[in-house]
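Here come two complexes built around subunit A, the first alongside subunit B, the second alongside subunit C.
For the complex of A and B:
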């Protein structure tokens, strides 16, 4: 142990010793400077995990982000007083809505506007149709009963026609369960934020998860090509039937359509032979609803892609050979499916159609094998279209008495259906982006080894900005822009969360660090830190000495 | 969860479409063939070829809708802008000297080369992605293929199919081998899945893993190229050849005689042709029947073809499976008149051997011996593909033919760069008539970074096979297909000006100096301890001085002492 001597005696020997002491203290100071002033910050800097400063408070504030959908609904009636009454009633009904901020406007309607209308299609072509996505027009058509038995008729664009005797309650019912689908929207958001408490509704369970691009794969399965030869131009059929709908959905995401033929792939289930007892003795094969899930598994191994990372919607046509035809799907109750459509849908995966070759070809023994058969393109593609709509998130509508919709003929998607879909997707993407950002920020708080480089940092900033911007746009009713913003937010948040650079240092655990640092740093730092005491004492002593000298 | 669909779709149909649906048959054809060739050495060579021809433009969009062509492969080809693709997965070494030339020569391990379209932007990146996708498709370690083990040789590889522009630009070519790759069932199964009939019908039912992997040599191949649709060549078609080469050693099969049959080789008879195939044939080379051991085929072949090719005559028995009325299992057997007679082995015109020279772990060398048995000089191109961690010296390149040094016609050399590119050497040579030419090169053994050693580093490092390319003037021992042909049938009576052979030599294995892998951790621990131990005294010496102690003691020690004395006093009192 060293004890500091008082150096105030002023003898020459003392001065010498003081000089020597000064050198030693300088050496100690040098050690301390090199190790503590230079070494420690250098070590800290070089071993620091790089992390861009992130908007944690803004991410936390997303929890209380006010997501309301602003929307303009115009009501056109011939009688302005009735219009005003409807507006007041509807306002009253939708006052309690938590998600929608509806603005009802009464628009005057001239009789001459409807003078030239002879069919619902004429109404569709009238100039008063709202153009902007998300808007709606409720149009009173006095003689609606001329065209339809229904009181309310949903059009192909953004208009709902109603007869003069329709009440505000009826209109609100149509708005609520068909056009706005608020319950479904709220359930979607709730199921995403608290998946353990709320389940997705029927339509939410079927809908494909959001993505920037989807693959659509049509597969034709012909288990016995030596017996049945199919004459079918599949690429052309896809082009003709699916492209129009995909074109209309192209705002939502991009689509890559592929098709393939599979031979010698069997269903791996044994259908039961059924002979109809009532008279005709019609023989067919029955496939019970319960075993349908087993059909997908043997097909799966031929459906994967080695290139694409997009979610894939699979559509499969199974054409049974003549010996196993006709093959029908039976429900649990032992009945055939209503309408005789032998098809089923697997949520978030795709659909399968069983298309039986016509009995005319199968039972004609004069035709040599392989028998030529051209499948009914319209029937198969029609089912696929219906399934594609469900998988993309256009729900089946609940029936309301005396409410109908114009049939799809020239287009494959009603504009208000598309608007509803935009709303669901926007909310889904917003919620997903929000949750992703929040879990990322939580993860960063818990694991200090995660690197956030500039690119990831900027995509987090972009995601946060987009979420906030999209919420603002939704409030003002700019649905299409809000959708684009939310998509950007969703993609940026996903990209940030799944970036491989996050994991760069994750394999390097803390205990390994200490295993290396402690044997080196502890023995080195202890003498240096202890020497600080003597440096301090020496400096203090010198100061005292100097002040003393001055005083003297 | 399944939901049976109730929706009636009647409203969805678009009427304007229906008129435009005109049924056009898919323009693609599938052929399956098997060539069986008894070799003079007593081995049997079985070569399967499954050819898919598809009359479609070689565009990315064409591959979106596939019929007989495998979609999984089509997607990859379309996505990565591939012009031509060749893959071979091989176990064992093809012995040219005794077996002649195979239809497709393949290097031991995995070999991959591809030509990209001229519109491809970043070829190195696309190449890596293509290899990655193929590794998923075929369960091969192609994910290890990147710029550091890929070459673009200038002379050895030419596009096998048609090309749009006249000049060949080898910068669109990438070639890589993985000599350490072990080929097994996990490669055969996905390979079979690419066939339209899978392994359910036709000749592919003969490919049973148990009977393929007990051969002396087996090689899976996949060759994709654009070909002419007709003789005028105004339109393109896509040709995909899937091949399996097998060499059976009848001694290993252990039947005590030389007889072989389909059932004996493949473990199963043939139940029929693939219904999707336009052609389904089995060819048996019966030329050896006349010159070597005599054998009888049962059932008697329906047709025998005599093929003259490059002055060499051969005879093939042809079984058309589609024409045969097969009931149950079909089998072809060759019954020999004597128990075991081997034919006279006439080695092919050109063959090669390769080995390592040198001793110790300092200097080594590679020697390749090229045997030219022809009465004329032969021009060959020799391609060497040496990994970057084996530094090669060009000045040590020595080419000696029959004891006399010869000058190469052409030399291309790009030295390797550590972790960036391999050593590339391509030499064009004129081999003198009836000569043995030795090409020797020297290299150094080096240390690698400790993370670059593979697991089991003491096993050694592989050097890929050299490729020797030549255009032979004679067709002896030659079984390859002509460039304008797609099927084995096209090789009958196909006399051409020259016969392209590409020999792959042996792969080599060298032992690199291998460190003790626990060393880095030991070093860290040791240096830390030494530094820590040395620092304390150093610090003390430089900052402190030994000095006589003052009597006055530190108060801590004083306090301890007082405690101690007090407790001892207490004890004394108690005692």
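For the complex of A and C:
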């Protein structure tokens, strides 16, 4: 209500009232401007979550990333025509390969290169061995029958020797199941991408999971140390036999080797006594294959590291006391393993060797207790090395008729085996990085207020770049660099996924956000919004008045 | 003609009988086909205060069974929210019993509790499951499973429709649990999970799971309460819950080489003794529970392959290595080592 009063200067109170109106409206406009124009954007900006922008489209495109392995295979024959025919046949056989892009080249071969060859080892030292990881050479050796009864012989480096009668089909069989192992690679990738549909194959189930570092723990179990004393320099044995192989595998991962001795620990199973009369010749104890898992279970309590988080390979030597020796393992069918090896391994865990003390020492009653015994280091380490090869991912090869391999003379891998291992690990790491990145991008995209800090963002970018780069390198056949890139991708993706800041509990559901802010803002905003109407009315009223004045 | 028909029927019967016997003989092959390589257990008790003694006894009893059947401590994560054994109100200090006749002390001498007291929080539980622990977390507090691990998850405490109460101050919802398990699946951190939940309205906690290979059992359905079993007048509180009591009754008769199946375990507490109805969720589990060994989840039997031959390594010549080793042995330390004094009086002697 505007009261009309007489004022001293004669102007009507109506004008004052208008001025008061104007001041009121200006005040209301000021409130509206401060709250809506300045306050709302300021509040939005200060309460938004710090998120580094991520390459969502590139990560989605990784799904259709074309991962093929390019490889150069050279074929050398005496007769260039035969070489050309072999190249054409093999190209035809392998053109349906989904994972490999094989390029076959025919190289000419001089007979004089093979003139001074007296044994397969001489061939190995010849200069025509391919040096680049991932390449292969198929070399025809006329007169291979002088050295071996097989038609095809896989060498120790990157060469396969074949005789003049070998067909392209035989060569393709050797390539497919020994050297390339495409089926195993495809099954590995499929088992990682769709685990409910495909399982890993036998060698994949046995292979240790991908990691940057592995622990190897060697344990010697002596249940009765007061009766049998073991004279064994274990650190020296490790250095002599294990270190060379680990040195070769150091490109794949780092290894930390530890050893321990356990005393007064028994097997916790009862082996059966087999007497001399039952046909095997001497009295011994028998362990059935079915109870072997129960040996591992109580031993595991004493083996785990309480500090290290790396996957651990456990190698155990069990030396039975003289009263319980010799102890042999019997298969389910009732026979012993040919060759006298009493050892078994558990996939992704390690292996156990039962090493019996020699009967001379045990039956020698003139020696006082504790009897001294030096275990056969070469035999035990040989079994550990065989188990280590299987556990690290070098599969046992299917038998093909008339195809053999050159035996290993030193503790090392065949170079083509190492290449195959590089291939499977590269594919594993690439697939794992891809799956991790896709899962992470889905999570971060869906929950719009998880904080993505700089470290996580840079890890994700690095992982995506490395995955794409590794796929390019694989296509051009540069296997070792592709492996390094894929390892970097795998480690970056893991670091991004397991970053503890992703659980910062800053993400409340939307209804909780409304519940906090509405009681703060609503009481302030209601008068402002309601007064907008009167502001609008006053402004238009003034403008109409002004235009009316103008028109007048 | 009738004779012929009778002959044919007899032959059919004979074939049927022989085929049934071959089927029975081939069941062990199915048992051997498990695809897991190791076993883990996550055992969580979420309630504190003396009157929730039974929840601690629950979780320690399952811990004891799982340890007895072979899972090593390095693969068990035990979360106990309050200390009952050393509680000032415990008339039998340093013990926790799960039975009024006090035959078994489930606390034992070798219990290893990984998360204790106030460390049992929703955040730590979710960090444990998803693997997002802060750097510096000790190994015993991490779930280092891989794609071949079968994980047993046991939760006990006070729960409600869709949530489980932690420490009387916060809660984890079934949706959060389902999302955490999905994150585990995305990283392939389990092969199969067996969820056991012993709380009120426990079935609501497994309703929201959407990842594959999960078998769940709950002590009560939505709308029902899980009840406790009996009071120990000497201790003065309820000692154990009904479902866990009968589950333990079953597990105590299982040995590490047992052939009992998960199907039998899922039927372990009928309504007449448990009063609440046991809920089971099998649709996410690909195998038939009646063909799954109980040691697949509660024990730890690793698969085994025989090694056929070792690598033929020739003995390495030891001449140069031997001198190096003996040189090391001849090194004598230049100062005498001795134990530090228990009470260093030399500080006060001036």
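Going forward, the second predicted complex is superposed on the first by the 442 of 552 C-alpha atoms of A that agree within 3 Å, B and C clash if a C-alpha of one lies under 4 Å from a C-alpha of the other, contacts with A are read in each partner's own complex, and residues count from 1 in each chain.
The criterion applied here is as follows: contacts are C-beta pairs under 8 Å (C-beta built on N, C-alpha and C of every residue); 3 or more make two chains touch, one makes a residue touch a chain.
These numbers were taken from a predicted model, which means no experiment stands behind them.
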Applying the touch criterion given at the start, work out whether A:264 contacts subunit B, subunit C, both or neither, answering first, second, both or neither. first
Regarding the shared-chain residue A:213, is it in contact with subunit B (first), subunit C (second), both, or neither? neither
Output check: A:165 vs subunit B and subunit C. Expected answer is one of first, second, both, neither. What do you get? neither
Could you say whether A:276 touches subunit B, subunit C, both of them, or neither, answering first, second, both or neither? neither
Once the structures are superposed on A, label A:409 by its partner contacts, choosing first (subunit B), second (subunit C), both or neither. both
So, does A:24 touch the first partner subunit B, the second partner subunit C, both, or neither? first
Quick one: is A:385 in contact with subunit B, with subunit C, with both, or with neither? Answer first, second, both or neither. both
Touched partner set for A:498, first subunit B, second subunit C, both or neither: second
Would you check which partner chain A:240 touches, where first means subunit B only, second means subunit C only, and both and neither mean what they say? both
Check subunit A for residues that touch subunit B in one structure and subunit C in the other, and list them. 205-206, 233, 236, 240-241, 289, 292-293, 301, 304-308, 329, 331, 337-339, 341, 343-347, 351, 377-378, 381-383, 385-387, 389, 407-409
Where on subunit B does subunit A make contact in their complex? 1-15, 17-18, 20-26, 64-68, 71-72, 75-76, 79, 133, 136-137, 193, 196-198, 200-201, 275-276, 524-525, 528-529, 531-533, 535-536, 539-540, 542-545, 547, 549-550, 552, 554
Give every residue of subunit A touching subunit C within the complex, in rising order. 192, 195-196, 199, 205-206, 209, 233, 236, 239-241, 289, 291-294, 296-298, 300-301, 304-309, 311, 329, 331, 337-339, 341, 343-349, 351, 353, 377-379, 381-387, 389, 407-409, 411, 435-436, 439, 443, 497-500, 502-503, 505
Across the complex, what residues on subunit A touch subunit B? 1-3, 20-21, 24-25, 27-28, 31, 205-206, 225-226, 231-238, 240-241, 244, 256-261, 263-264, 289, 292-293, 301-302, 304-308, 329, 331, 337-339, 341, 343-347, 351, 370, 374, 377-378, 381-383, 385-387, 389-390, 396, 407-410, 412, 516, 519-520, 522-524, 527-528, 531, 534
Can you name the residues of subunit C that touch subunit A in the complex? 35, 37-38, 70, 72-75, 123, 126-127, 130-135, 138-140, 142, 144, 146-148, 183, 186-188, 212-213, 256-257, 286, 299-316, 318, 321, 325
